[in-house]
Amino acid sequence: MTDLQAIVDEIHGKLQSRLGEGKVADYIPQLAHVDPKRFGMAVVTVDGQVHKAGDCDEPFSIQSISKVFTLTLALGKHGETTWNRVGKEPSGSAFNSIVQLEHEEGKPRNPFINAGAIAVSDLVLAGHTPAEAIGEIVRFVRYLAEDETIAIDPAVAKSEEATGYRNFALANFMRSFGKLSHPVEHVLGVYFHHCAIAMTCSQLARSGLFLAANGRNPMTGHTVVSSQRARRINALMLTCGHYDGSGDFAYRVGLPGKSGVGGGILAVAPGKASIAVWSPGLNHNGNSLIGSLALEMFADMTGWSVFGH
Amino acid sequence: MTDLQAIVDEIHGKLQSRLGEGKVADYIPQLAHVDPKRFGMAVVTVDGQVHKAGDCDEPFSIQSISKVFTLTLALGKHGETTWNRVGKEPSGSAFNSIVQLEHEEGKPRNPFINAGAIAVSDLVLAGHTPAEAIGEIVRFVRYLAEDETIAIDPAVAKSEEATGYRNFALANFMRSFGKLSHPVEHVLGVYFHHCAIAMTCSQLARSGLFLAANGRNPMTGHTVVSSQRARRINALMLTCGHYDGSGDFAYRVGLPGKSGVGGGILAVAPGKASIAVWSPGLNHNGNSLIGSLALEMFADMTGWSVFGH
Amino acid sequence: MTDLQAIVDEIHGKLQSRLGEGKVADYIPQLAHVDPKRFGMAVVTVDGQVHKAGDCDEPFSIQSISKVFTLTLALGKHGETTWNRVGKEPSGSAFNSIVQLEHEEGKPRNPFINAGAIAVSDLVLAGHTPAEAIGEIVRFVRYLAEDETIAIDPAVAKSEEATGYRNFALANFMRSFGKLSHPVEHVLGVYFHHCAIAMTCSQLARSGLFLAANGRNPMTGHTVVSSQRARRINALMLTCGHYDGSGDFAYRVGLPGKSGVGGGILAVAPGKASIAVWSPGLNHNGNSLIGSLALEMFADMTGWSVFGH
Amino acid sequence: MTDLQAIVDEIHGKLQSRLGEGKVADYIPQLAHVDPKRFGMAVVTVDGQVHKAGDCDEPFSIQSISKVFTLTLALGKHGETTWNRVGKEPSGSAFNSIVQLEHEEGKPRNPFINAGAIAVSDLVLAGHTPAEAIGEIVRFVRYLAEDETIAIDPAVAKSEEATGYRNFALANFMRSFGKLSHPVEHVLGVYFHHCAIAMTCSQLARSGLFLAANGRNPMTGHTVVSSQRARRINALMLTCGHYDGSGDFAYRVGLPGKSGVGGGILAVAPGKASIAVWSPGLNHNGNSLIGSLALEMFADMTGWSVFGH
């Protein structure tokens, strides 16, 4: 057995000198004021071992990583008809581009770009109030992580809502094509709140474990999704999880992953482990610079790339 | 051990009633006249077993599948500097789109769309004559497949050259940005010829085996590329190998793969096997319709998806 | 002197058999329910003659024609700095396209497409409340037409506001680039209300007379704008006044003009007259089909094309 | 009567201090080596007066101005069916953009962008050899200018052909949509040669006089085109004659005009005069910077803007 703790420690050590690289998201004060030198990493294996390093128990804003959880919920409610409302193809453009939406008449390319996640929020609403839908999402994440303390940071949600003009543009644009079933304000209420969930690396790694274990949470024995659905969510994370840097992440890391602008990345090594890293500085595609490096080192050292070892 | 021959036979049997679905490429007579009901499949495992079904020993035009081999050659000649000339991101548009090229000033998004493969042909030329470069590519494919009979179909190459206005447009466009080092006619000469290589499923599966076996051809013992490079080529195949249907292929099949407009697909199950299928009818993204189905069934039955079983 | 009344009557007569052609705007009930066979025409010459035909005294929703008046106001307040916020080039795309806005970072191409007119509404606001700005626009139009009865149709304004998702998208998109100075709701409040002004052909022709008379209203003697500004507004109407049909309108009619989705067109024959036509059916570019024909006949019969006679 | 010679002299004088501004085209040596301080201007009135200043009798490469003459020829051969092959709308993008061509399936937006002029060259060919078509174009320009000395600069044509990758891309792209009737090399042979015609300002102003005089050359009495066609060509020059600076030229100058990358501009004052200016430095849209200024001053001083005085 690979000594995972030694690997995690080595990565932590080697990256010390580079902490602070990249550009911290600054569009809302709650993200802008995070210490750029923070770094956390947590690995939870399918047989229940936990390996940690750094600030792995400090909560951060998971932002777009939450899109993995809302997609899982939407698939649970709507099954494959989900794909009538959102595509499954990489976007070939920035996370918040509206160009593609015009060319494809309001149907977003995939559930992990902003427009697609807004469509997924609309699907999660499904006739409920925003408060109910938000509650359901939080309960689902708590259930996955087995941790009732996970919560939304209300200041982040409020800031996102106050400055999210681009997302208001995307949602109104989709609405103009008849592609949202609920009022724009409701849909974005859900969207801004699930992006504002705060989690630690340890919690995040646990919450993604079902994707590494064929849909079943090995720590609780609960089946979250079928093995087929777990594979498919992993496939979407690999092809679309890092915006217009998804190809590069697959090339360098070789693991399904989903990043957030708060500096977190959730990665999945199918059959092996769920991994969460956090480091606030972002690369030019909006993905954690140091977090991507940590995962590249991790995949190299473990030989867990899905593409061979 | 899974009974692979039984799996291959079952797939062949189940798809009998659907042969002929899809639309055969008709832009040149040599492709248009192929019997749409042909179907072949070959699996070569990393321990040397071969499993076959249908028209697996009938040669067909591999077309864009050849881009995997030319990329491998270009990486051998130029290493990671290859990526100065071509990107590694999914394109988010059709295989022959020129729009992205204008927005990104002549640098194609990835080596598997037409523009990217033309850039790769330019890299393979590297100061040689077109005839020398074409010879090198053919020799490389023969070496991979251990089969000296593999050859270019000159009628296909000639037809491609006579009707390839879109490719002439792409190449001249890149040239206008100073992104080709050789004359357009030379570069396209190489491109049209490597796309015109004819192979059987059996040959094709053998030629891709190094990608399933960490860069080493287990049948000859030759190391073709490093294990890292094999992983990386697999990653590119998974994110970009099926044009604007790459996300869907990853979602349904979960294996790195590269399709050609002749109806072939080469897929790689890392650590397990190389698989080639052929069926001429194409889906709306230009990928073999029945071939994709065969691989989806194969991944389901073997549990070999890279995303979990 | 040309017998203008005879010309107007002849046009009215010849078009009788074609009334009802085209497609009436149906995105709000107030426009959808207009009788498609209505036709009105009014010509006011710079020496004060008035020539009329058909339903020339029935009010209709002037919609985008109002953009000529708000642009005139914005230029009065901000002079040439107006062009820091909006361009003066034809758009080469549909009236409500958002693609160009993304490529040019929130600066609309011209003041007559929706995005540009929204930017102009923002300029007209200039620190005032929406009610004040709306009041100013209505007073300006009344002053131009010398008619205190001109008013906004509140039902139209309300319907536009309730269904204007695309305009909300455009405004939020510009706001995300920092290109609006006032809250989106305020800016769109102004925009939706000025588009809902109702006028008759007679009123509209009078209100545009200053553009035909070098900036001076010959009926009141008031100088509205300088002769240079009048020329420039005319130039913008000619190059940009009919969305993606501006080139065709210039080709066929040869007069500066601005259309509205309510079926109205205001045209200017510099030095000669101001002409208003109304017929609700639209062509595929969203301009009045019969109204364009009427103006083409008018320009042919008068020899008043700006491009020669 | 306005003292036109005094106006021309005043413009020449006032612009002396600014000669050399702008960027001379440098993509071929024949253009790059032109003295950036050259300035010529010629005005020919419809009653036969000629007014000149500066280097008005020095030949320069008319480049895209030739597109006015080839369009006139194509309309003569094909009438209004010309518009099945090329549009009449401003492009909203750069002169050599290929993006629009992909979105509109190979039909260029207007005859004055490169793609559109290439389509027009194809129409002028009309079954003839390139040499015959080129001969016809040159004879037509000589006939318009009444000057048998006008000729193509063969070194310019050759350089254009050797470096015109972008135009080869555009032509092949249109060919791929079936939108060219002749071989790409033939069409571009015609295109590169007519762009290489060399003329002086005096010759150019005479050759455009028919457009100022309702289609009839007042110096010879020959009817070149109908008055309707003259108006329509003028309309196209106004909306599309200065690439993505057409709106600005209309706004500032208010005359139909067509620019060339050699620094020339042909402008038309309908009913008044034909004006040619030449100054090699270009603005960011590729139009003569000083030439545009000269025409702006000229329109201001004469009051000849088509939009009022």
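Chains: A, B, C and D, in written order; residue numbering restarts at 1 for each.
Note that a contact is a pair of C-beta atoms (placed from the backbone, for glycine too) under 8 Å apart; a residue touches a chain by one contact, two chains touch by 3 or more.
Treat the numbers as computed from the prediction; the structure is a model and nothing was measured.
Asks: Which chain is most remote from subunit A in terms of Cα centres?
Replies: If we average the C-alpha coordinates per chain, D ends up farthest from subunit A.
Asks: Interface check for copies subunit A and subunit B. Shared numbers divided by all numbers used: above half gives same, below half gives different; which is it?
Replies: same
Asks: How big is the rotation relating subunit C to subunit D when the fit is done on Cα atoms? Please round to the nearest 5 degrees.
Replies: For the C-alpha superposition of subunit C onto subunit D, the angle is 180 degrees.
Asks: With chain centres defined as C-alpha means, what is the inter-centre distance between subunit A and subunit B in Å?
Replies: 32
Asks: Report the inter-centroid distance (CA atoms only) between subunit A and subunit D in whole Å.
Replies: Roughly 55 Å separates the two chain centres.
Asks: Quick one: subunit A and subunit C, Cα centre-to-centre, how many Å?
Replies: Comparing mean C-alpha positions, subunit C is 47 Å from subunit A.
Asks: If I apply the definition of touch given earlier, which pairs of chains qualify?
Replies: Those chain pairs which touch are A-B, A-C, B-D, C-D.
Asks: Using the touch definition from the top, list the residues of subunit C that touch subunit A in their complex.
Replies: So the residues of subunit C touching subunit A come out as 97-99, 101-103, 165-166, 168-173, 175-176, 184.
Asks: In the complex of these two chains, what residues of subunit A are touching subunit B?
Replies: Counting only subunit A, the residues touching subunit B are 87-93, 100, 109-110, 211-215, 227-228, 230-232, 234-236, 238-240, 244-248, 250-252, 254, 256, 270-271, 300, 305-309.
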